[in-house]
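For reference, the structure is listed below as structure tokens.
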Amino acid sequence: MNYFEFFSMIPEISLLAVFVVIFIFDLVATGRYRRIFHALVCLLMLGHIYVCIESGDKEVTLFGGMYYSNSMIAFVKAMLVFGSSLVVLQAHRWLRSTHALAKQGEFYVLLLSTLIGMFFMLSARHFLLFFIGMELASLPLACLVAFDKYRHHSAEAGIKYVLTSMFASAIMLYGISFLYGTIGTLYFEDMAQGLSGTTMQIFALVMFFAGLGFKISLVPFHLWTADSYQGAPTVVTAYLSVISKGAAVFTLFVILTKVFAPMTAQWQMMIYAVTVASITIANLFAIKQNNMKRFMAFSSISQAGYIMLAVISGTAQGMSAMVFYILVYIMANMAVFGIIETLQHNVEGGELTREHCNGLYKTNPQLTLLMTLALFSLGGIPPFAGFFSKFFVFMSAFDAGFLVLVFIALINTVISLYYYLLIVKAMYITPNDNPIAKVKCDMYTRISLCACLLGIVLLGICSFVYIGIDNFAF
Amino acid sequence: MNILNLFVAIPLAMLFALWISRNTKQIRTVMVTGSTLLLSLSVYLTIDFIAQRNAGVTAAQLYTDSWSWYPALNICYSIGVDGISVAMILLSSIIVFTGTFASWNIKPHTKDFFLWYVLLSLGVYGFFITTDMFAMFMFYETALIPMYLLIGVWGSGKKEYSAMKLTLMLMGGSAFLLMGILGIYYGSGATTMNIHEIAALSNIPTEMQYIFFPLTFIGFGVLGALFPFHTWSPDGHASAPTSVSMLHAGVLMKLGGYGCFRIAMYLLPQAANDLAWIFIILTTISVVYGALSAISQTDLKYINAYSSVSHCGLVLFALLMMTRTSCTGAILQMLSHGLMTALFFALIGMIYGRTHTRDIRQMQGLMKIMPFLSVGYVIAGLANLGLPGFSGFIAEMTIFVGSFMVDDTFHRTVTIIACTSIVITAVYILRVVGKILYGEPCNEEHKRLTDATWDERFTVICLIICVAGLGIAPMWVSDLINNGVGDIITILRP
Amino acid sequence: MTIPAQFYLILAAVLFFIGVFGFFTRRNLISLLISTELMLNAVDINFAVFNAYSHPEHLEGFFFTMFGIGIAAAETAVAIAIIINVFRNAKSIHIKNLLDLKH
Amino acid sequence: MDFTILILALPLLSFLILGLAGMKMPHKWAGAIGTLSLTLVTILSYCAAALYFGAGRNAEGIFAPITPYNHTWLPLGGTLSIDMGILIDPISVMMLIVISTVSLMVHIYSLGYMKGERGFQRYYAFLSLFTFSMLGLVVATNIFQMYVFWELVGVSSYLLIGFYYTKPAAIAASKKAFIVTRFADLFFLIGILLYGYYTETFSFTPGETLLMSAGAVLPIALALMFVGGAGKSAMFPLHIWLPDAMEGPTPVSALIHAATMVVAGVYLVARMFPLFIDYAPEVLHIVAYVGAFTSLYAAIVACVQTDIKRVLAFSTISQIAFMMVALGVCTSSNPHYGGLGYMASMFHLFTHAMFKGLLFLGAGAIIHAVHSNEKSQMGGLRKYMPVTHLTFLVACLAIAGIPPFSGFFSKDEILAACYDYSPMMGVFMSIVAAMTAFYMFRLYYLIFWGKSHYEEQLSLYSAGKSTHKPHKPHEAPLCMTAPLVILATITTVAGFIPFGNFISSNGEAYHIHINPAVATVSILLALAGIALATVMYIRGNSKLTTAINKALGIFIEAAYNRFYMDELWLFVTKKIIFNCISRPIAWFDRHVIDATMDMMATITQKCGNIVRPMQSGNVQSYSVWFLSGALLLALMLIFFT
Amino acid sequence: MEMSTNLLIFSGLALLMAAAAIAAVTTSRIMRAVTYLLFVLFGTAGLYFMLHYTFLGAVQIIVYAGGIVVLFIFAALLIGKGIIDVTHTSKLRYLAGVLASMSGLAIALYLIVNTTFITDKFTTDGVPMTVVGSALMGTAKHNYVLTFEVLSILLLACMVGAIMIARKK
């Protein structure tokens, strides 16, 4: 009974400490202390990035193999904390609004608890821990989606999210139960030996995958995505689309390569089908969208499909390509959401549509430029980071022999470029007599947007990040 | 310090300087300084390159250098030039330089226009100096995407549609291309992305070549206006602002031909030999079809765009003939077409800027109103139809002589068919010249128009000098190219 | 001689898909929640049965069931909170009032 | 002979000066620069001729060709390259003299003719350009250089025909001239390509072995080259551009479309003559037949035209056809009399350049005086323009082949050669020669004799029936008449040049023998033609004329319309190429190929609409998709692995 | 004898549960549905007892029947009793739902019947509480203190979230 093992889980324990500090601060702080609340949270989280990276130099296996961490996982955790910090930075203005101000503390607490859940999900080497981590990552998120209590859309998004989530976890658990039934253990390293690819196991695999597919929002498990993204507060949408998705993808990769290694042929085929469907169908939806958040929802589904190209290879190269893709994706998506968040305060009804963006260039040239770069990055246009991440993802899938899949994905990039350009067109070209007035960003948002800009421009050209990731892979 | 890096560094510095510049004057200063620097640098490069060759340096590539970039994926930032690239860099510099003057009074958002413009040229330079497939592809796409905004924001007519079509078609092409590049990389054992090392390995299995050659060739061919993937060209050119048309037709379309030669044919020689006939047929169609289409157009830019289809088709056609002479001719044609088309588009832009119409039925007698521009147009037209003394002639003749060296009926026949384009070209050029320049001015409003301003004159004269210079003294540049072509041809025709 | 494990599994499967059926066809949110409870409950049975019949050496299924019950409770709490909020906003928990976000 | 480079450099220089700075100069300066440089060129050409022929024959008894300059201009790989250089041999020297003389005359003449015209400087610039190109063409050391200058000549012709660029007819004519010759040049080019590939050189004198190996292809190559030549020299059916080309200023017609450029085709065949005669005699025969037909055709058409420049144009076509025939009837059997045609052709080229130049310049003076090209506006001009009248008469006599004028000698040799080839050809060409005399004198009488149009108009005006006071025709100024007189002099005496001493098919000298039978017949026929013309036209249109017109009504109508050749060409170009090929292709491009690309986009958009119901907003149907998707995936995996 | 008694009890329970489940998803009144759910949950507890997992059965009754169902009742009362659940709004959707769930059931049943699980290790010993306790508190393999702690965070977070959403102001 070595309870000191708890203290070896540095990222989780420190994050928990942050969680507790914030929780208590929320309870006790009043008046002027509350004003520094946001800054405090941001600082703590940024500090936590350092802790995560510091913890990454050693490999730890704890609790009888239930918990495992290495440099790659630590890096991914740091990445997630970084992304969450961006989210929190961008949330400042929204949290100042009357409805949200009273719930400021809850927002941080819920956000951090989901982050803790993701950490455990990433480090889990046992399906029970994985499942609890996943639930910890989704249930408070449901509360966040429904955070704007007085907005019908937020509530609707929340209920759709939570119901689908419960449905998905039930299906996933059903799958896991059969895995347990046929193998007799739920420890990842032991499971691989017991797997033989029987029909039942294939069924269980698909059921399990459906649950994670829900989190990553892959077609056909994606239908909640657009509705929830649209209804949720923008910062939460951002969080959903990058952090939650990133953690789930990484976990999926680990489980597929660790647990389902004997069934590689099967899951590759499964992911093949899902990838093609995700990219294509999401693109078809995206070209028809007008609401920006909804549009980004479909864009994120399509991006998830591209990430699957790295997953399908199941190689070390694929892993580094995937992590790099997620990192770049965080940067670009956070930039877009940051801008959406900034702009929608100036829009009647609070729902930013593409028409609102018309002629934005005249009034907000800098935001427009950043938005353009971010969209180009998402579309895979050099010299922005998105090009590199996409290229590497294609390379890894090509390396694994999925030529036709790569080709389909490539053709789809053209479609995706089309809808990204639609927005660029709206901002630059479409004339508009009353564009959104000049928007002044607060300092926090500005910091986060600058970080995103740096990431978009430099992550690809400066190769050290990728090289670092590549050193950690497997 | 490798001089080639400056070709990337200067545009980067220009981007930065533009970013911080505050008014039009500063922007113009930055642009003129930068483009002049680039031009002088490329002139220096050309001279130095020739001097080194004359001094007996026989390495295939000069100024080579390589920095590891993504070591795990064997991606390097490798640079190096041979005669072909030097010629292309020179061409790009000339066009960028003159394009700056052609867009002297661009409005609105002058700064952003030049930002994207410089980004485009950055891509072009990068493509020509690098020898690593990844870096080439990166620069290639970097050069493509600014087109969208340049056409969409500063263009005219149905610019949004055209810009979108152009971008999507070219990006569709690069989707094919990316497949091809990955195929080449993995086909050659995934050990290097450097094209010369891959060529030296020459270990790509023939069956793989059969798959990836068409992909790569079509990928680049889309940009080279290969039939039937050329339809972005007329719309795109028609909508683009002057300097963008210049840069696009003058340089960007050359990336296609260059890429076809440098990557598709060089790295996949067996497939290139075996499958060339398919593409020869397509390019022959391009050549004649483009020219015939041009005859019945009424929009000046459409005429020129179809003419570009025809001429660029000739480039690919000549490359596929795979004789040393024809390939030299192809590169010459790239240079020549680049300069001539830039000149043409510059003039069309200037005329359009005054008359506000490009419909040849609505213009007449411009010779009396704007003699300078009209004379320039006649010269451009004559150059375009291959008048000796201008660059078009030497390029076409080299191509035809070179193509005729392939001794079989099929190649002979298509060469003769392609030759007919010189007659058709004359038809549409003279048709336009006769319709819009000659005669009495028909439109009262046109009579009040003025002739070219100093910046326009400068642009036109620079380009005419280049076109004539290449046409009168072709030998040095032909030698320059011939050396570079030789290495590739020895692989193609062992 | 004991009851064959398959009987339990079949029962669990039936319960699970009755839950699925309910989830697909009911028209108010609380009924949907009830259906998911049925599904989760069926899964719990599966785990317990597999532990008891197939792998009694360790208590993995046992604990999975136990934690599963806990999680189900948490899920229900969150879901009911949101349902109450929906009711406050829309004055209804009928699914047809939740179609604002679509296409 | 190093100075010969100046012959090329001077006109080029004057072109550049006039072209770049001309617009800033006063007219006088521009004219002076152009004329001065041409004077120098002429002097140099005569010097070159004197030195070349004065140096005498070499040991083999021929004038050896000299190549003072030959530099690679554009290497084309292998042994092929385009060289630029100067080749001095008898025919190029002869051409130098012809070109520089006529060009000089035209330069001087234009000082008066073009005086005060808008674009005077431009005119001289183009003249210089043309002279440069034409000189470059004749001194070409290889077939490709010839092609280069051939194209340049074409473009200068284009520019000069379209000199009056505000006149629609001029624009159309210039375009037509360029495109038709360009079309012919296509064949020339292909011929060159074939020639170059098989002989491995572009030079005129490839090695014997290579020639033997190229044996089978050589006739084809030479035939294709002849097509190019036929285009430039306006052989049927590529002649259609030449009559229209008269829309240019008349001196230009004199220089380009009568004396020099149009004989480039003849020169080309003459240049390649050694190859023709040895390797492709059958092609030569084709040349002869084409020439013979063209000469007849053009002569018939010339008989009925009313525009004096058109008459001259068709007469030019006819005369050039004579030269072609002369070349075509050569055989390799006998060194001299087999090659008589060659000499005769060159001789005729020389004399024709002089008298046709003279005719055109005279016509120019007349047009200058009456401000019209139509014969109906003329008549009775001999009183008003005595110098023009006399020189014109000399030229008419020369072209009709009346001794002692030069035309007689050259044409007689041609006829002799034709009779040698076959009596049929001889008779045929003699008839054409008679027709030549007829239509030239028809022209002469209608211009200078008969009722004066001016007087008629004047009487109408004084009678008050016309409000328009006619313009009195007057003699041209000295700078215009002087060239007429000079050319008339040359025309008169040139026949006595011992041409065979300088130029012959194999380079050896021989004396021209007048064949008395042929000479008599031709003189008689010429006189008959003149007599007929005299009867019919000396007093304007006589009764006989009317009767003949009536008898041959349709035929004359057809001839007047040039046997509808232009309409045929127009049909082919406008209706077939433009409307049936180009337009459909342009349509196809927009509506099929482009539409396919657009359709791909539309289909994608449509698919977007099709999948839309999937996102119904109902969380239950989402779950149905969810489960069905999962089940389908499971089934797929189960069945396919 | 023992077998048949067990089977009898099992069949009774199974029938009861299935019937109650069907009733729960078809009845049109929410309170009834909750009550039927309660039957199913009790039946499940009974199954656990049959497996001799008495602790699990107790947890099931306390947490599910005592906690969750009470939540449901609260919610139903709060929202207003007598909410009618109309089942047949859209025939197509209903049909799709039936089809999807039935095919899912068919596949699952087919797989369950055709898969050979290890089923011979059943003992009637049950699980002693000490074993459960030490496994729950241990840090070694097959011990669950970590998950236990994480679950506590989960419950805390859900509580915070649920209260935040549900409270009035």
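In this document, chain identifiers A, B, C, D and E correspond to the written order of the chains, with residue numbering beginning at 1 in each.
Note that in this section a residue touches a chain if its C-beta (ideal position, glycine included) is under 8 Å from a C-beta of that chain, and two chains touch if they have at least 3 such contacts.
Computed from a predicted model, the values in this text were never measured in an experiment.
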Q: Show which chains lie in contact with chain C and also with chain E.
A: A, D
Q. Hey, how far apart are chain A and chain E in touch steps, shortest way?
A. 1
Q. Can you list every chain in contact with both chain A and chain B?
A. D
Q | Closest chain to the centre of mass proxy, which here is the mean CA position | A | B
Q. What are the two chains with the most C-beta pairs touching?
A. C-E
Q. If every chain is reduced to the average of its C-alpha atoms, which one ends up farthest from chain D?
A. E
Q: Compare the CA centroid of chain B with every other chain's and tell me the farthest one.
A: E
Q: Report, in whole Å, the distance between the mean C-alpha point of chain B and the mean C-alpha point of chain E.
A: 70
Q.
From the mean C-alpha coordinate of chain B to that of chain C, what's the distance rounded to whole Å?
A. 65
Q.
As a quick test, compute the distance in whole Å between the mean CA positions of chain D and chain E.
A. 103
(Q) Could you work out how far the Cα centre of chain C sits from that of chain D, in whole Å? (A) 97
(Q) Quick check on chain C: which residues sit in contact with 2+ other chains? (A) 9, 16, 19-20, 23-26, 32-33, 50, 54-55, 58, 60, 63, 67, 71, 74-75, 78, 81-83, 85, 98, 100-103
Q. When you check chain B against every other chain, which residues touch at least two of them?
A. 168
Q. Using the touch rule from the top of the page, what residues of chain D touch 2 or more other chains?
A. 601, 612, 615, 617-621, 623-624, 627-628, 634
Q) Each pair of chains that touch: what are they? A) A-B, A-C, A-D, A-E, B-D, C-D, C-E, D-E
**Q.** Touching residues (chain side chain A, partner chain E) in the complex
**A.** 1-3, 5-6, 16, 62-67, 102-103, 106, 109-110, 113-114, 116-117, 120, 126, 128-129, 132-133, 135-136, 139-140, 142-144, 146-147, 149, 158, 178, 181-182, 184, 187, 198-200, 203
Q) Which of the residues in chain E come into contact with chain C in the complex? A) 2-3, 6-7, 10, 14, 17-18, 21-22, 24-26, 30, 33-34, 37, 40-41, 44, 47-48, 50-53, 56, 59-60, 63-64, 67-68, 71-72, 74-76, 78-79, 83, 85-87, 89, 93-94, 96-98, 100-102, 104-105, 108-109, 112-113, 117-123, 127, 131-132, 135-136, 142, 144, 147-148, 151, 154-155, 158-159, 161-163, 165-166
Q) Which residues of chain A touch chain D in their complex? A) 159-160, 163-164, 167-168, 171, 197, 199, 202-203, 205-207, 209-210, 214, 219-221, 223-224, 226-227, 265-266, 269-270, 273-274, 281, 284-285, 287-288, 415, 418
Q. Quick one: in the complex, what on chain D touches chain C?
A. 612, 615-620, 623-624, 627
Q.
Using the touch definition from the top, list the residues of chain C that touch chain A in their complex.
A. 9, 16, 19, 23, 29, 32-33, 36, 39-40, 42-43, 46-47, 50-51, 54-55, 57-58, 60-61, 63-64, 67-68, 71, 74-75, 78-79, 81-83, 85-86, 88-90, 98, 100-103
